[in-house]
Structure formats: structure tokens, C-alpha cells
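Residue numbering begins at 1 within each chain, and the chains themselves are lettered A, B, C and D in the order written.
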């Protein structure tokens, strides 16, 4: 029997993302041969009772109503932050100062300045970091990246990306923290950051962009059902033109009022020898086209995720079974633990999270100033 | 803090299904407010070292190389059987005799006689049982069933079902236990039982059927790469005509040589007021058609699983995220524990598993005798 | 300028199919380099005024209220029959007796005896015939046939076919000629004959079959809105098991009460090296899977009809434009004229139409007698 | 028998579009009850023999090698121009001067100045015009427009449009007239004008735009197979941000190097009460989502074109049969003849063609100057 080193996790937050992270650790421990024996040590939440309830429900040994308790805890090597992004900076910097590796939900911080500060602190301390862009952990995105990297679809020429949902489409959805400009923005910062991450993952760094934003729902009820309204200052929809370092050009849209769309995290990558298309609404599939298929027999192939697309096989023995959203978090956990253990750094780490945050800010500046902006100029 | 009663689980087997069950318990504990505090007590496997390794990997406290050790274990109230189906009868009967509730993978047993014996033993002992037809646990199948039960698509007239995969399509796949007639049959028994379960779940009991079977790959290598071959005596493909108790008629196909198909567990149900279509390859979706939609605006709706389709919301906060294959097992675990706790019996229990096994046998008899057979006549 | 021989057409009937045939001739003349200069000479309908109106609308030079006028007309070499199928025999035999080539809508005749009589008469007279199974004229069906014939998907093992629509799904649709048993049957005879034709076209002759039929809507209003009803004696749904001469097995369903289905003329052909799938609802596409695609990159390709799929290019210069239903008739016209001119006989001719009619009858006998029947035994 | 007034057509050009127009007239005459008896009088082409051959093939009575012959021809009331767009202005102005109604292929002219000159000439002469944006004639686009106009999907908020094909994706495709800047531009002018027309048709006038263009294939062989290359000065891909008069915002892409795409003329329109999605690759379908469908049953409906979507029923009696690309031209012909006869003017006429051309030019200016431009400022 292998006797692995134990690694202790302190989780901050137990909302949707806190629960997802807890599931991620629980599942990763069972499906992967991780480099560590994971100890779900402590769960911190805003009050001691809430933390206690969550710890029991999510399988943590101990709990606390004060996240700072995690900092000095010798049983904890990883601090996992799933709180609102306005709190990320303070928590991450404290965790780093305490010598903990940090796993943090996206977006990394409301401002790129914060994000880069966090990044530099972690780098200076030699600690590992991970940002929760879990869509990148999809085996089919791995396949897409590999096909592109291997030149299987040739030179990349154009990219089209979307992240559209409809959770804000009803004008009666009241004003809430998501709409607070201090959070770093609206649809682009919140969900557009996902497709920026995907664009970067597949096509590489963006060097120049032009953006346009709009807020069709200009005011919302101050609370559910209220007649009084409050002006919305952030974007409902954002559109970007992109120029990539590798010469490709593209576009991207973030939209949280796209009525009927549930998870339209879609991309299309066109190369000189083929193309790749994808929608997150069917994320166990990838569409691929090759120009070197025989004449008369060319067409987009619908490839279902299977054991040949690592690490799908850790979850299911055969194609067609499908992994779920929470499984993507388990892969993210695995990748982070591998990095912590000194293995391959698959990221995205804080530096990449900060890069994305810089792009978000740059896009807002471009929209405001109605002009193209360069990533060099910032 | 609620203090729930503890329930101990003894798992037999740690292959694909054993791992899936272990994940099912781990996830169910985290996403649901279960009636019990689940204790993953003991994992049994064929050898003590194998069991120990699996116990550590899958989060069980103890392990054993002898499944009979579970029988007298006072910390165990549930015995979970994930071994090949030729072993189910002995293990289940012993578990029942020991007063344990039994959770057993499908198919329940190679013969319906065995399956009914197991069923009667459990009923006599007043113990709860569960058979692992986990596709039935899909929230979208729940939606389909509810629509049918509520008359939303009217009187059910015709049904079409398929379970097709291609894992046996390559004639070089060698002879193996799946092909042993003592296992109860070929494609129909193995994977066709899934679609029989779905047909029964949605449309109700079958009262008469006619079957045809074929074995296009009549012989296979005795082992991987061998030139010597062994005759295949079980079906590669089976087709059934069905008559249901409620007057509907239908058909069904089981096929494990359907090249290119990964999980074509598909059904189409046509009613007087609408229709429902589904494919397991995209199991977070359901297609529904209503005749009372406005003229010119009728069409199949693609409905994505969401929080309004219980218990999807326990896994993901919003539509479009998608649950995975392993999550279906977590729902199955939840349903079983609810039944054990005296709550609603959502099944399928051993009686339903035995009914399905009876249909499988009846179908083979029909194919052999080339005639219609009735479930009453058996 | 080429000076082609003129060929005169006499069309009987100007309903949906009459109009479609007229369009077929008009379009074929413009898109193909036909072997003849087509002269739309005379249109015959039940009354002289109706015929005159239709002739003007559809571009025929002359008209008549008596189809027998066509028989002696020296300007007519082809008689095109688009009347109800109970009239086909008399008209076709008269046309043949008059030395005319005959183009006849499907189904060829209500009974196979009639169909074979018509076939033999034409053969004896050395005249060309064509039956209007125009779905076979789809370039994508040609591609499917070619892939099968060339062994591209290997040995054909299993077939699944459907022809389902919903035009009879509403129980208020009144009793009408379609339901008259003298017409040769219900859903199977009417629309199932299409999928029988497709099965034969792709997989080859059927040698044995077993059928089941059902009539969920047992009675219908005697007329629109009437409360008085009349019993329905023909099938709303028919299901067949098939054994083909080449060793493949399959199944097939005809269903005209499949709520929501508009043209589910679908097939799936599974071979040892690949598979082909198709739906008539998207008939400019073919799905093809090859096992010799690279591991991890296998999937059904969606191939759009294009100029490389003869004769699509005669209609549109590029893939993605799409041909329509009426264009299939233009291809049928072309093929018939090529045969008349002594070129390749692409069929289906009367012999093939009669074969299909024989299968329909055999299926009804099988359903009635609840047993397998062989095509040899008839 | 109705005795309709005769209307004579003079067609210039017999390439792909000439043939399509000829088919359009031939089919329209047969499927519609047109206001005129169409006389395909004269076909003009670059040489007399070519014109004679085409006239015979396409069913025109006479032919000429000089298009100016049409101008004085008293039998001609409509001049139909299907030549390259650099010739449109001269021909259209001459036709208008001769008092003929003009039907002209898109794009209307290489420059908006030309297009407006043509428009004003026709308006001054009181003649009817039609531009061949035939995708707008699709019954499903009519349905989309009606749903939007009737408020069925609420206030329109965002639009996304694409017209992508891959006929220029291979870098070996040689330099040709399409790439000549004097033709008015590249992908945007050629195929992007289609999606601009669709955007305008559905959402209304554009008042402001920002564009970006790129030419990944910077040089092409001077001729097929040549090693010598010539620089490409026009766009392979163009992207636009759009602001509509009604307050909606949107984006659009034109791309003729989108490997694998055959006719991705796609749009998505999001409103406050629903959404509409479409792809020209399946143009007999429309996807529609309504927020007022019941909770748990919301999803995009796939609506197939049917007789309830005028004028589909003129071509096919039932849904699922499908009209083809050439049928769209027949609808365009019908609409034009109705306008000529003094009926409803469904357009698009020259004014609308000129508006689209203005947008194309504006987009190129925006891309060149890297700034937003307004339609008012031009």
C-alpha cells in the first residue's frame, strides 16, 4: 500500500462554488491517483454555525467562523478561496504570507492591479496558485488545444468566441452585487472572462483589442418585486475584436441577457487545414473538420469524449457516458495538486488569471475610449 | 447541527461499477441532505491486498478479501454488490439472510428464476433493495415520466427504444465472459436490459412481445490477437416488438456492434397530444413536442436540464452546466437511502429488476421459437 | 446548337403530385443536358376545364378531360400517371398497349398482382418504366449507396429504417380514401413503401420478414367535424423485422401518427468498418463514421451535399445551398429520360415497384398470421 | 380560364446566377398564381452563340450577343441583370432609360455612389426594381420577421450575424476578379452583404458601426498552380459592431476562409421575451425560444418550414419536404412581379440594395480609420 504524504485543505466559503470545490476534492481523491492524500481539514464560513453545518455536509473535519484561523493552522497547506471576488485579494495575500498554496475562484480580483499584486506575492514566496477557470479542464478542450498545437488544423487564422447566458435577461431580476461596478464590471468581467480564458488557452496571448459594451436593461428593481429602480452601470453585453500574438484575428461576445441561452460558451477556430467548433452546452463533444479528408466525404465530425481524451477515462470507462460540470473541478484539483507536488504546471495560475483580468480592464477602457488598445500600452 | 443516524455500507467489488458506486456515495453525501450519515465502512474484493488498495483509493475505512466478512459486521446495514452478475444471487441471498439491505448492479441475475428468488427473499425479510439501472435516475427521464403521467402528451400510442453501442463491433474483440451464455445472454441481456427498463419506466408493463436476434460476428478470437476462434452463442443484436398493458405498442433494439454509436440509449414516445424524444449521448437534454403550441410555431423543444428538474439543482445552480454519468449513481444512492429510511420507494427494486430479467428471457424464447409470447404465459 | 429529338409528355393528374411532376420536367430541362427536348404536350384531368386550367398553370400546350385521349396522340411518347393508385393499373396497361413509356407515382398499385401485371406488360412491350420513389434520387442517398457498394463501411451488418409523419395523428382527421383497405393498406403501404424502397436500394433484397401492425385510432369521423365515426381497418403503424439476401438483418417502422414528425424518413446502416445515418428532414446531409479514422478523432461526419455528389452541381454551384423536394423529381425525370434514350437504367422501374409492393403485402400477411414469411414462399 | 397580361423578360447573363434566375421564372410560373403570364423572351450573353445555347437550355424564345438589343425590344418589360457587379450600373441605367423594370443581382454595385445613382434613376422613372438578396425570401425568415414585428419575442436587444463560407480558404485558390478592389471589396462586400441585408430585414436600419478587417492570405497565385503570386488587397474576413436605430446592438462577421463552413449564414436575435436562431445550412428550420413557455419546459423549438409559412405551401403540401435554394429565387420573382403589378412592395428594391452598399463602404472606412462611423455622417 502506497503511503502518500498528507496535504491539508482549508476551504473558505460554502456557497455554490464552495460546494463545487469540496466535491472536486472528494471526487479527485477517488478517481485519480493523486500525489497526495487529501485531508479536508477545515472549512471557514462567515459564521461558526454556518461553517459547522457546511463542514459536516461537505466532509470537512473541522470548521471556523473566521477564515484567518486557517492561516496559522499547521495542518493546512492549501487555502482554497471561493468567496466573492472583492475578498480574494485580502485572503490570498494573507494565505501567501502564511506560506500556503492558494486555489482561488475566478475572476481573480476586481482589478488587474490586485490580481498582479497577488501574482507577484505568490511568485516571490515560491507558492503554487490556481485560478478556477474550470472549463479549460474539459478533456475536449485539451483535445482542441492539442490539435492546434500539433498543427493538425494548420495555421490558425480566425477565432470566434461567445459566452452567453440568460440569467440576467429578465428585467425584473433585481439589482445585486453582480451589478456593483466595484466588482470589476458586468457580463464581460463575470462570464466573458471564461471565454477570454478559452481564447488564450487555444490561440495564445491577445496583443490588441477593440471593445463595445451595452446595457439594454438600464435600471433594475432595487430588490425583488420593488417598483423603485436603480441604474445599472455595468455591461449586459460586451463585444470584442481581438488580435492575437500569433497573427490570428478574432471576436468575442459576453452576454448575460441572451434569452434562452444557458451555457453558450462556444468557440470556433478556423485554420488553414481544418476547423474546431465547440459549445459548452454539450461539452462532452467536439466538432472537428479536416481538409485532408477525402473529397466528397468532408464534414465536421462530432467526437464524443472518451478514454482516449485524458483524463476522461478516470471517470468513465467508455465514450458516451459523459462527465459533468463538477467533474471539471475534480480535474482542476488534480492539476493543482500535481503542480504543488512539483509536477507539470498546467495552470491557469495567478499570472494567467491576472492576464485575463488585464484584458477585461483593457476592454472596458477600449469601450469607454472607443478605440483600439494594445496590451503593450497598459 | 442535525445529528443523523449513521448507516454503514459494505461494498463488494471495486471495478468500474465498484468505483462508480463509491463515487455515488461520496457525492450523494455532499450534494443531498440524506436521511443518514453515510459511513463507507468496508470494501470487499477478491484478495485482501486488492481490497485494501481500493478501500484507500475510494475512501472506505476498512477492507477485506472475503465478502462474507460483511455479513456479520454490525457496522454494516447496506451491502452493495458490484460483481459480475453470475455472483449476484449468492451474495444477495446471504446479505438478505444476514438482515442487510441490498443494492445490486444490473442485470440482477442471469436468470429470472434467480432474480425472483432474490426478490422474494428480500420481501419476506422486509428489507429494501435497489437495482442499478441508473439511467432512470436522470432528471430528464423524471421529466419525461411526469409529462406522460400528467397526460401532457396525451394518450401514449407508440414507443421506439434503442440501446446501441459499438464496443463489440470489431470482430477482433476476443471471446470473453460477456459472451458466455451462462451470463444470461448477449446484447439484449447486457445493454438491452437498460432500454427495457426505460420502456417500463415510461410506458408501463409489457404484456406481449416478439423478438428476433442475430449474431453477425459468429466467432471471435479466443484471446486478444489469437488466430484460434470460438463460436459466439449469444446475440450481437436483438429486436423486439412490444405490446404494453396500457394499449401502446412499440419496438426496441439492443445492439453492441453498432459501429460509431457510443451510448445510443434513445427513445421516442408518441402520444395523442405530443411527443418526447431522448438520447443518452446528450442526457442533459429532452426533446418535447406539444400539439397545442400555436400553429406555425410547433416544433420539438430542446430542454436543457436545470434546477427545475429535481434533483439537478443539488449538483449545479443553473441550467446548461450538466451533470455526469457518475452523478446519476449519486441520485440512485439518494433514492435508495430514502427508501431504506422509510420514505418514497422510487426503485427500481429487485421486483422490477426481476421483471426486466423475465422480459429478457421471454424475448430469447420468442426469438428461439419465432413466435409472439405473453408475459402471462410464463 | 445541338438539335435534340423531341419527346412528348402526357401527364394525367394535376394534384400535388401532378404539379410536382410538371415542375420536375420544367426544372430538368433547364438544369440538365437531357437526351431529349422535352415537350410538355398534353395534360389530362377529370374534367376539361380543370385540365385546361392546370395546363396553363403548369406549362402544357394542350389539355383534355379524358386521359384516354393521350393513348392515340402521336405527339406523346411518355405517359405520366399521378392519379390515386387504384387507377394506376388501368392507365398504365392502356399506355403500354398504346406503346408509350410509363412514368407512374408510387405506390405502383394496391396489389402486387396488379403491379406485376403492369411490370410484365411493359417488359413484353419493351417499354421503359419509372416509379416515383423520388427520395432515392437524393444525391446523398447516392453517396450512401456508393459507400456501401465500394465497401467503405465494410460488411453491412444491421439496418434500421423509419418513415414517420404525423398527418394522421389527430384523431379528428376524418376517414378518407387513404384509409380504404382497397388502396392496399395504411401507413406501411402509403409511406412505409418509401423506407422499404430505401432499404432495398441500400442493402439489397429482403428475403424474409416478420411484421406487426397496430391501429391506435380505431375509428375516425366520417367527415370533417362529424360525430358519426367509421372504423379504420388499415394500419396507423407497422413494424418489420427484416432479413436481407446479403446476410444483414434489420428493422423498419412506418408510422403516420408520430406526433411532431414531419418527414422522419431515417435510416442507420451499420457495417464492420463504418456507419451511415440519415434523416429526410435534413436530406442535404449525410452522417458517416469510419473506424479507420485516427483514435480519438472518430465521430460521425456531417457531410453537406455539394457538387461532388452528382447531380447536386446541376442545381447549385456550391455545397450548403441545398436542393429541395421538387428538385428530387427533376433528377427522377432525368434518370427516366436517360433510360428511355437507351442509357443507364437507374430505376426504380416497375419491377422494383412491384417488388416493394410484394413486400408490403407480405408484411401484412405476416402481421395477420403472426409469423415470419419468406419472399420465396409467395 | 383567366387571361393574364403577358410580361416579357430579357435576361442578361447565363452563368450560375443567370441559370438560377431562369429557373426562378420557370418555377414561379408553375407554383404561383402570378399577376402576369411570364414570357421568357430574350436571353443576352457575351456572344451570340453562347446566348443561343443558353436560350435553348433555359427556355428563352430568342437570344442575342448584345445586351443593348433588349433596350428597344417592345416585347420586354423587365430586364434581369445577372452579370458581374461592375457592369450593373451601366446596364441598369440603360434599362431604366429605356423604361424597363429592373431585376438585378446583388451586390447592386461596387460603390454606393453607383447604387444610389441607379436607385434615383429608377425612382425618377417610376420603375420597379428588385435586388437579388434571395435569402430574405425564405419563408422561415418571413416567420422570424413576423415574430419580431409582432413583439412575440419582446423588445429586441442583441443581434449576432455571420456569413461564413470556405471557398477561399485554400491559399492555392488563385487571384481572380473577386479579389479585385474595384469590385467594391472582399468577403464583406461579396458575402457579408447578405448578412447585412438579413440584419436590416429583421432588426431594422443600422445607424452606427465599427469594423475590423483582416487578410490572412496576403498573396495568392496569379493563376491556378502558378508559383508567382499577387498581393490580395481585399478582406478575407470582416467583423462589425452594430448599433441599430431601434436601440439594439449587435455584431456581424463575414468570412470566406472559414474552413469547413459551407453556408454559415447564421443569426441569433435576442429579445426580452424570447429569441430566434437560424442557420442557412438548414434553412427550412427556425429555432425559437419563448420565455412564457412553462417553467421546466422552456427550450428552443426547431420549427420546420410548412404550409403555414407562406409561400412554402406553393412548393410542397406538407412540412418536412423542404424547398431548395433555387426555390428562393422563385419567391423573389413572384414578389417582384407583384410589385410590378402594383401590389405590395416586399423588396429589397434598389434603395435597400444601395443602403446595404453604403453600409459596406462605411464598414471599410471604419476599418481603415479604426473608428466608429455613423450612417448620418456619410
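We adopt the following convention: a contact is a pair of C-beta atoms (placed from the backbone, for glycine too) under 8 Å apart; a residue touches a chain by one contact, two chains touch by 3 or more.
As the structure is a prediction and not an experimental result, all values here were calculated from the model.
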Distance in touch steps, counted as few as possible, from chain A out to chain D: 1
Most distant chain from chain D by Cα centroid: B
CA centroid of chain B to CA centroid of chain D, Å: 54
Rounded Å distance between chain C and chain D, as computed from the means of their C-alpha atoms: 34
For chain B, residues contacting two or more additional chains: 261, 298-300, 304, 306
Chain D partner contacts - residues on chain C that touch it in the complex: 1, 16, 19, 22-23, 26-27, 29-31, 33, 49, 52-53, 56-59, 165, 167, 261-264, 280-283, 304, 306, 315-327
Of chain C, residues touching chain A in the complex: 143, 288, 293, 295-304, 306, 308-309
Of chain A, residues touching chain D in the complex: 153, 155, 157-158, 160, 162, 169-171, 210, 212, 214, 216, 236-237, 239, 241, 247-249, 251, 253, 255, 257-261, 268, 270-275, 289, 291, 298-300, 370-372
